[in-house]
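The chains carry the letters A, B, C, D, E and F, assigned in the order they are written, with residues numbered from 1 in each.
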């Protein structure tokens, strides 16, 4: 955001209103989620969303270390978001940077809201999000995947959190920014949302938006979260209802 | 466990008062605490300001040194924002490298400055691709009584507005005032139960369900936003805070 | 102490079966688990592969950037191998900078590639003493069910074989495939009591007395070796593992 | 110290025996101290001394972490001296460097001597010194301020520690070196002293001094500490004896 | 290993089969060991081997920190191998690097095998190896010295571990590589061995070896370990049997 | 608590003897332990020395590399002093980066060398503003029986005096001896009760009230001083130690 000029000759929205990857303004990139993909973790989910590839795993509830962090009244939901070194074009140095720590913090907060943490005092529920391939929108992808991994782990939850961003590109509000749109766009609004209860649990914004544009964008993101929620539920349903055919039937749900 | 008992009691007290329309310190829900700003507080910094927002006390120093631009913005200066939540300011802050709260604070203030285009970064280019001014905005909390986000944003803006680019010392021509062209102001509100109140004190912050910081510019447009906390907000509550931030941001701007 | 009781019980069970010539998963002592390799799994990497070795799941990305050669090898590229044993892959892995197990893994895989002369490093020289290609081989464990050494070695070799040197992007001529000239393959065996078994699962690894990893090349010569574990091996046992590794290494090589 | 040559045309002592900032050899820079300036800390003091600006805060006695550092017979006085990044002309990297760690150590030792640590076994008394603006003599300024902050915190103390340096400039012994004197002088002797009991609790020296010069210098520093002690007591007296007029009467004591 | 070309005009083996330092292929460099050289440590040994100088010290059994690492069934043998900054031609940055961490790990494993760890549950036996001067073969020198230091500390042990490497130089298998042989040789096989029970407890290999060459090399290293074992025992015998003459008789045993 | 009981008993014993004019090891109060110095102990260092001061055993290595001068001393070499108090030397030392005691040691030794102008740093300039010799003085404690300050100072001076600047290797002309022009020697005394004793052992150090290290040069002038410990000194006691240091420093200098 914030004004990297668009390279000569590139248009993010064409004369037909189509975006650079051919999508309509309110169209999501293809999304598929598979739950229960890891053997060692308590719960897991693998997600492909556009060109993002994200793995999420949950361990716990388990003893919380160090001890002085234990909360005697509830579990701590501790999220660790990480981009692997080769997930981006310029190799990223391994280890947490400031951006990933911020995302870890707000993702932890969003997930804490839906977990019945009071059932598991003094414990930690650890959520690991590894971005294997990054292509704009990884925090939303990570929160969406982590939510499914928590459910796959059998952690009691109020509901799933679905997450998606809206943004502004060439003065048009669009959904689910792709990489070029993220690089050269005018604003981004990542949203984490609980469709059943209409609650916003994650919200950021950067760029330049009028209040009306923001209203439009927030509305688009919220609507998209409802679709994403269906994909999440579908992934969990496949995981739990057809165990007999599991070996054959591991195909992933697609956004309709 | 005593900590939690105390927090519960404190919360009960605060909520009971709020339901009568009263805040503990007698302010209205949409009232910001008294602000004092001392500019040019530190003569070793190129720009500086110490801000009291009620009892919250924050100092920001701006340093400018000659360095290399990023390869994707060869003709722009570089902004680096850092926050130190030192244990001098609160028993809840720890020694050592910045933790997640300090990182979030720095990144939100940074986003306000950057996305609000506070400084004309092109004027900080000395020679494209070779030399630009690197601008360090260092935030130090001295006394923490809630709402560091807004206090730090104000102090950063005041420090930037007071800053002189030390071109002469670096043998790069004559000194000139830092080209501050916009003044994004953030306003933070918290949700406690059903109530939305701006500029929370420490006690209000620790019992709050959710926090929303919104930065607006002179036109009343949005440039940055950050939700925090484990609670949720409805879409209406978000829009209410956006409106509050626009109105109160303009008030703050007129005073500073 | 429950951990140790469990380990003892597990060990008793495994040893009893082994004495009947049977492994817990039904494999023969010299049988490697099924291998699946997905090459070019990550489009942001210059080369990549995801390998399943039974339930063990490892992803390796290769990144190539222009840098300076070491002064004692002015006309050769530089190899840097790094392993992250992230807590997503196992509850026995910890957050933070790589610990001794991750370092050992990275160094053993590195030794296989380096001493096995997998890549013609002279072809990665751009200008002697000035510019060469720096090759980062980054190993990420996703699911840990034993024998990361061999899984990582296979994934690294597959990633190297799929890698394209991005010369064009760096303005250094035309892209070309990474010059992989040899294919060292490691085979790991463990000793449990009197028994030697290859490709151990997690359960077999944790009860094992000693581990020996042997990397061989196409000619059946040895290029790297590493004993691990607190137990001992006799000279005869070492030679037995060497022979096994040569034979099974050739099998693996033919499949990959 | 140690021989940075004086720039051409600059004299540190003029023909009338006056120093570069107009002081007599045995004259202190202006000093003011205000106690109780922070709300969150148990005790605090703000000090301006020449162009130095220093904030000191005390927390505790409180539980000592980590536990293995607890002393079952007494409190630990743990001082953390820090210069903020913009307190000096060249931006200082945040975090402790070797110099600040040495100062923290000797300041902790000096303060431990005056605190009745045996009253608070197993606890920690944490003293934070933040140098906001540095202009020679910050360790003496920090110790002087910390001593007042401890008293302001109500920690039982044998007495206050006052601190001041003497030095040698152009072969003349002078008191309380200023910045140029510190940069281009010949020796520096920081002293921490308890006037009532005639005890030296902090002492360093570097440069080149005859034994007689050292005697003179130490004597000058000790005498100055007595004056500083009066300013410290004055600050505490104002803090405690006129609470009713506190709002109007927060002016600071000055060295006579 | 791995192919640094031999500088022009240097031959590692001459026409008479003698090596660059005049040794026969199966000849060790001069080795001397002295036990009990440090006062503070529980046990210690100083070793000179060719141009290597190594100090090893043992502390413990003692309480294991941090507590969560304690093993309720046995002692942990924790080895810390370190090369001091001036032990090599190019100054080494202080602190552990990846190589030293790997060596620490395999040395810990090798020593654990010979210590009766079950006698000292919950404790740590800490082994410190400091390489003061390095000249090829330091891991073998360190393991050999550490083994003597453990015995000197009175730790109950099954036996001593002796350690030596074999290698390949100009297609000839040789014992105990010197520095030039290490730099320009073709393979290296460090071995840790218990002569009395014929057990291999440390084994690595890198370079390029046929299986027959490896067999030869392993055999040479094992034979050499028997000689080294005698030097180790001799050092301990001198330490314990002639205390009366200790002052005069501190000469070191030499390899015959 | 046993530690404190032991310390109390030890202190009672030591003080009782001191009151009879006797030290535990029979020395006079102003007597330094036997000194042995092995110069050129490490051939990989440009200069080195191992010093025994009684049972205290310290090794110092000097490394010289070509680098850039500091901008404020463009025609002088750079001195960097580092101390590692490794756990091999004492159970009171911890692994990890240097703590406050190691930092204090390094800085006090550094101050002696630097302020005592031990080395003619201008002779270490190769080309002003461009290239100078960087001098690393690395201190390693091997056995800690008190008074590391003086042992390290002696070892550093001996190492400097033995050092050869490796100009030829760096292609900067002929090798030459490091230009050591002064020989500052430090002498450390401790105060136990009313007694002042020089060169304390470990036992004397841990029961001491205060420590004072004074470095003098050949003329008997002072170049560095450092008080340590939580106790105090009177002005007279300081002057007594200064006189002792001058006299004993000259003795030590004549021996080394």
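We adopt the following convention: a contact is a pair of C-beta atoms (placed from the backbone, for glycine too) under 8 Å apart; a residue touches a chain by one contact, two chains touch by 3 or more.
None of these values were measured; they are calculated from a predicted model.
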Of all other chains, the one whose Cα centre sits farthest from chain D: C
Pair with more cross-chain C-beta pairs in contact, given C-E and A-C: C-E
Centroid distance [mean C-alpha coordinates] between chain E and chain B, Å: 58
Centre-to-centre distance between chain F and chain D (centres being mean Cα positions), rounded to whole Å: 27
Sequence of chains encountered when the ring is traversed from chain A in the direction of chain C: A, C, E, F, D, B
Chain E-touching residues of chain C, taken from the complex the two chains share: 1, 4, 72-73, 98, 100-101, 103-104, 106-107, 111, 114-115, 117, 212, 217, 220-235, 238-239, 242-243, 246
Partner chain F, residues of chain E touching it in the complex: 38-41, 51, 53, 55, 57, 59, 62, 80, 82, 84-91, 94-95, 126, 128, 130, 132-135
Chain F-touching residues of chain D, taken from the complex the two chains share: 1-4, 71-73, 98-99, 101-102, 104-106, 109, 112-113, 189, 194, 197-211, 214-215, 218-219, 222
Interface residues, chain C side, partner chain A - complex: 41-45, 48, 55, 57, 59, 61-63, 65, 82, 84, 86-91, 95, 97, 136, 138, 140, 142-145, 202
